[in-house]
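Heads up, the next two complexes both have subunit A, just with different partners, subunit B and then subunit C.
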Partner chain A sequence: MKSSLTMTLPDTTSTRSGLPWRQILLGVLAVAIVVYSFTANGYVVTVIGFAAIYALFCTGLNFFMGFTGQASFGQNAFAALGGYGSAILTADYSVEPAVALVLTMGFSGLVALIVGYPTLRLRGHYLAMATFALGLITYEISINWTDLTQGYMGYSGIPPLGIGPYYADSPKAQLAVIFVLLALGVIAAARLKNSRFGRACRAIAGSELAAGALGIPVARYKLISFVIAAVYASAAGSLFAHFVGFISPEVFGTAMVVQSFTMLYLGGIGTIAGPLIGAVVVSMLPEVMRGLKDFQTVGYLLLLLAILIYAPRGLHGLLERILPDREG
Partner chain B sequence: MIDAVQLVQNLVNGIGLGLIYGLVGIGFCVIYNASGIVNFAQGVFVMLGGMICATLLARFGLPIWLAAILTVPIVALIGVVMEVAVVRPMWTRGASIFAIILATLASQMLLEQVTLLTLGDQPRTFNSFTPGGPLMVGGVAVPYQLFWVLGCGALMVGGLWLFFTRTRMGRALRACSQNAEAASLLGIPVRRMMMLSFALSAALGAIAGILITPSQITAYNIGTPFGVNGFIAAIIGGFGSAGGAVAGGLLLGVLQALAIAFLGASFKNVAALSVLLVVLLVFPQGVFAGLKTLRASRR
Partner chain C sequence: MTMLDIRDITKRFGGLVANDSIAFTVEAGQIFAVIGPNGAGKTTLFNMVAGTFPPSEGEVAFDGAVISGRSVAEIAQSGLVRTYQLVQLFKQMTVAENVMVGFHRVTTGGVFSALVRPPGVRRQEREIREKTAEILEFVGLSHRADVTADLLPYGEQRLLEVARALAAGPKLLLLDEPAAGLNTEETAELARVVRKVNENGVTIMLIEHDMGLVMQIAHRIAVLDFGRKIAEGTPEEIRAHPEVIAAYLGGTEGYDD
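On to the complex of A and B.
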């Protein structure tokens, strides 16, 4: 938690000489991925689409975990709310997908507010276990409340994204919409990070006691940060439902928690670019590790453990060391 | 509406399961007390205990007592490997609590995958330790295995109590939990104690897994519910004493049995998790911290 504070210090103290090479490099990479995805075939589009959706999810989670220094092991609950909410509203009640997206985001935020109010008083292991329980409860309900969710069978026939007469009917059109929403989400997160509220959140991560002494309403800011993360997760869940056209309880299971945490830690927790880097790299891993066949998951988990032990600041931390903000 | 015999039957089943949760809960406490780490992979030891024992029985035709005696040290060794390879490097590097929790969770998934790949995805079971039964008490069937569970559970709680109060090693472990720095100044090898705690709690999980497999089934993915329910048991019991964790487990088992009776089997996990949330929220700092302050004020 201390590290996230020191990590963000250079932003405010740097006296940049020369060009911000790191930002330029990341920007070029991002543009390259976007351009490549529109020239590539169907399968690549799917992989990049998932990466972008996860990037949105992780950007929200990063706000709560990276900046505010808390932990939610149950963020999949809000993705499930978004996914199932959008699926049910659009497939059964013919609500406009765009309207459903906004409605479920609002609903998830409200649920996060109600659930977070008592839960966020917990710390450490208790917070981790309580949020983990939220995710598990949601998962169990999505399996067992078959009238609403169709249980293991999953929910199919979800229309693609769109508003009014405009529908993103091809995968590439969907991808464009996802990219736009992701860009909006990242810009919002970046602006929030350096706002008065964002700085207060990072102070909470450094020391709750000190932040409280400075007059920061710790409990309220933690809650707001949790709600922001939930709204992002909900949006990611909705996008997933529309992008694939099918959802089932497994999509929003514990594996989602571990995958998103891998992305956060691999990319670099507590930075804006970190979740994006993590989402792209982790989404490509299965393709790279295809040769491992059955041992794919094993290799993936070993990689996660190695990162957690040896490189807790992730790829972005590495990049910062190679291309630092300050000269010398 | 459910009739009385059925209700009592459910409660009997719940007591057996609850004791198992209690044993898993003790495993949580042992590691937490030695290192301040909550090992989210606790449930995987239950799975490994059942799966390894079932494999020894089926593939090598060993008698149950021998298979059980072989299984426990194997699983304890897996616990030690986890401590040495994953938890200790993070601990010495000062990783955050959440990163360590995530690492234990990842270790659980890793062990599950390895089990899936080596032993397959088929659920397994083996016969009760004593053939025959169940014992019929006024229409309620009490399986003989329940007596094994009760007996072994009582034996282990008693044994652990003796270990923690009467042996040098047990006292050293408790010293680590109170103040690791002071303990190391007194010449207690704190790191070796942490390893010991992982071995001990893995062994406890394995025993729980062997005891429960005849009445349930085991498969590579049964770890999470046992882990979560064991954690709930430990929290109800106050994260301190073995007896408390067992009491917490029994309470949870009975509550789950009632949930099955009145809400249906599919909602038993939702009920348990709701109990967890309620307990956590009534004691916002955790029951453990509540007891600690109580103990401190008494001093």
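On to the complex of A and C.
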């Protein structure tokens, strides 16, 4: 077994040539989606907008789950904080949407810090359960604290994104803002990934023992990466609120957890491009499968199963096999 | 100069005395080996030195300061770095990235510097890359730099663990059975690397099953048996020590591999 692996190892010294085709392909696809979305009709704009917002959410979740190797089933809580925070601040208190976005990101980060401090000392299933509970608690609050959230009725009249005299007054303008913020989020994630901090997080995912023995403060770094994921989730929640102009508890319910997990695993967890691919593909699937009518959900789940079985590292992993890295 | 001073440490697991009042010192520049049959308490001793758990009694001083009671990360920060009996690589990272993580202790920077990338951080990243290439060259893994650690053959995984530990710039390197599971060739390669590391000024304490390896590279050896230190001395002295011979060298108990 071991010797056969040795035989099939790529000889990395002799193949340092050629273009990074995978990156080029993904870049072209991204540009194509952006261009297409600005020429498309309102419905397509909405679907792509949701995909981009989810991509931002998943990029953050991926940092905690993919890179640091922890599990959180309650990231929807921070999306709810961002969404409701932005809604309340902008609609009721006339705070600038951009300012509200940053304020709620800070607040969500703080909540993650306070909640994560005791929670992240738990391991495995306990951590997962604790985070799941966090999502449920936030959901219950958003239903029952009607003075603040208007409960099941939902919160409407949320203004579009903007700052000062400039605001995104059309869905396409909003989409442009979302794309810019997503791009910033992805660049930030890529920079984090390839830094002293990001490498330490990925080391924790590999072996907490060895990471600790190399002087990495394991508990603290887990906490920081939980906070990072929460800040991303919060931003995604805020963007959703502004994009749609209306939020209700269901928007940030447990379905969000299922949806984002599907995106992560289908796209390829633990990579920068994976969450983006997952967000786009999963958002498109219901549209593509509309022809299946009643069997739509079945077709969707079968496809998911097939990918999880035959491409355990997701679509990005599949792509990596077809177009491997030429250079390290 | 004394690098490590183990002062009568005892470890009890319930009724079992895994380490019974063990004492010895490791001098700077030495390769110090701890040998003994399976279950003798060698890994337990390492765990107390590295801070995985505190001794039930006694204390350990490293580089002049008592370290017992400190956490593994704190002890690592002060320059005592260990490897594990079971390989603990960062499997999803490349060989080069594994070594880069090793530099954590001797570099700085968190989230902010990762996002902003000020010139100092860029320079540090460049240095990390250069030194990583040097270390990989040193242990003979340059050709594997971009391979995922997971895919390395076992012998190279062991070498990578040593390479990663070296990146942390240890004053004292603890190796727990580094040659376990290696074939003769791989063991010889490992011995060569360990000796080279030592010649570069790193003090080494290792646990080893492979007597050939120990006799060949160790300056000094302590022998554990049933949690007690039964002998200590140079390889020649250990080879001639009656109790050691009785305990297992010439006895029927032997080694499991």
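The rule is simple: the second predicted complex is superposed on the first by the 290 of 328 C-alpha atoms of A that agree within 3 Å, B and C clash if a C-alpha of one lies under 4 Å from a C-alpha of the other, contacts with A are read in each partner's own complex, and residues count from 1 in each chain.
Methods note: a contact is a pair of C-beta atoms (placed from the backbone, for glycine too) under 8 Å apart; a residue touches a chain by one contact, two chains touch by 3 or more.
For clarity, every value in this text was computed on a predicted model and none was experimentally measured.
When both complexes are overlaid on chain A, the residue A:Met129 reaches subunit B alone and has no touch with subunit C.
Residue contacts after overlaying the shared chain place A:Arg199 against subunit C, while subunit B stays out of touching range.
With both structures placed on the common chain, the touch criterion links A:Tyr265 to subunit B but leaves subunit C unconnected. Contacts of A:Thr297 after superposition: subunit B is touched, whereas subunit C is not reached. In the superposed model, A:Thr254 makes contact with subunit B only, not with subunit C. When the shared chain is aligned, subunit B comes close enough to touch A:Ile309, but subunit C does not.
When the shared chain is aligned, subunit C comes close enough to touch A:Ile224, but subunit B does not. By the touch criterion defined above, A:Ala213 reaches subunit C but does not reach subunit B.
Counting contacts by the rule stated earlier, residues 3 of subunit A appear in both its interface with subunit B and its interface with subunit C. Against subunit A, in their complex, subunit C makes its touches with residues 50, 71-73, 76-77, 81-84, 88-94, 96-97, 100-105, 107-111, 113-115, 117, 121, 124-125, 128, 143-147, 149, 151, 153-154, 164-165, 168. Touching subunit B in their complex are the following residues of subunit A: 1, 3, 65, 71, 73, 118-119, 121-126, 128-130, 132-134, 136-137, 140-141, 143-144, 254, 257-258, 261, 265, 294-295, 297-298, 301-302, 304-305, 308-309, 312. Every residue of subunit A that touches subunit C in the complex is listed here, in rising order: 2-3, 5-6, 9-13, 188, 191-192, 195-200, 202-203, 205-207, 209-218, 224, 228, 270, 325, 327-328. Here subunit B touches subunit A in the complex through residues 38, 40, 86, 89-90, 93, 95-99, 101-103, 105-107, 109-110, 113-114, 117, 224, 228, 231, 235, 266-267, 269-270, 273-274, 276-277, 280-281, 284-286, going by the rule given at the top.
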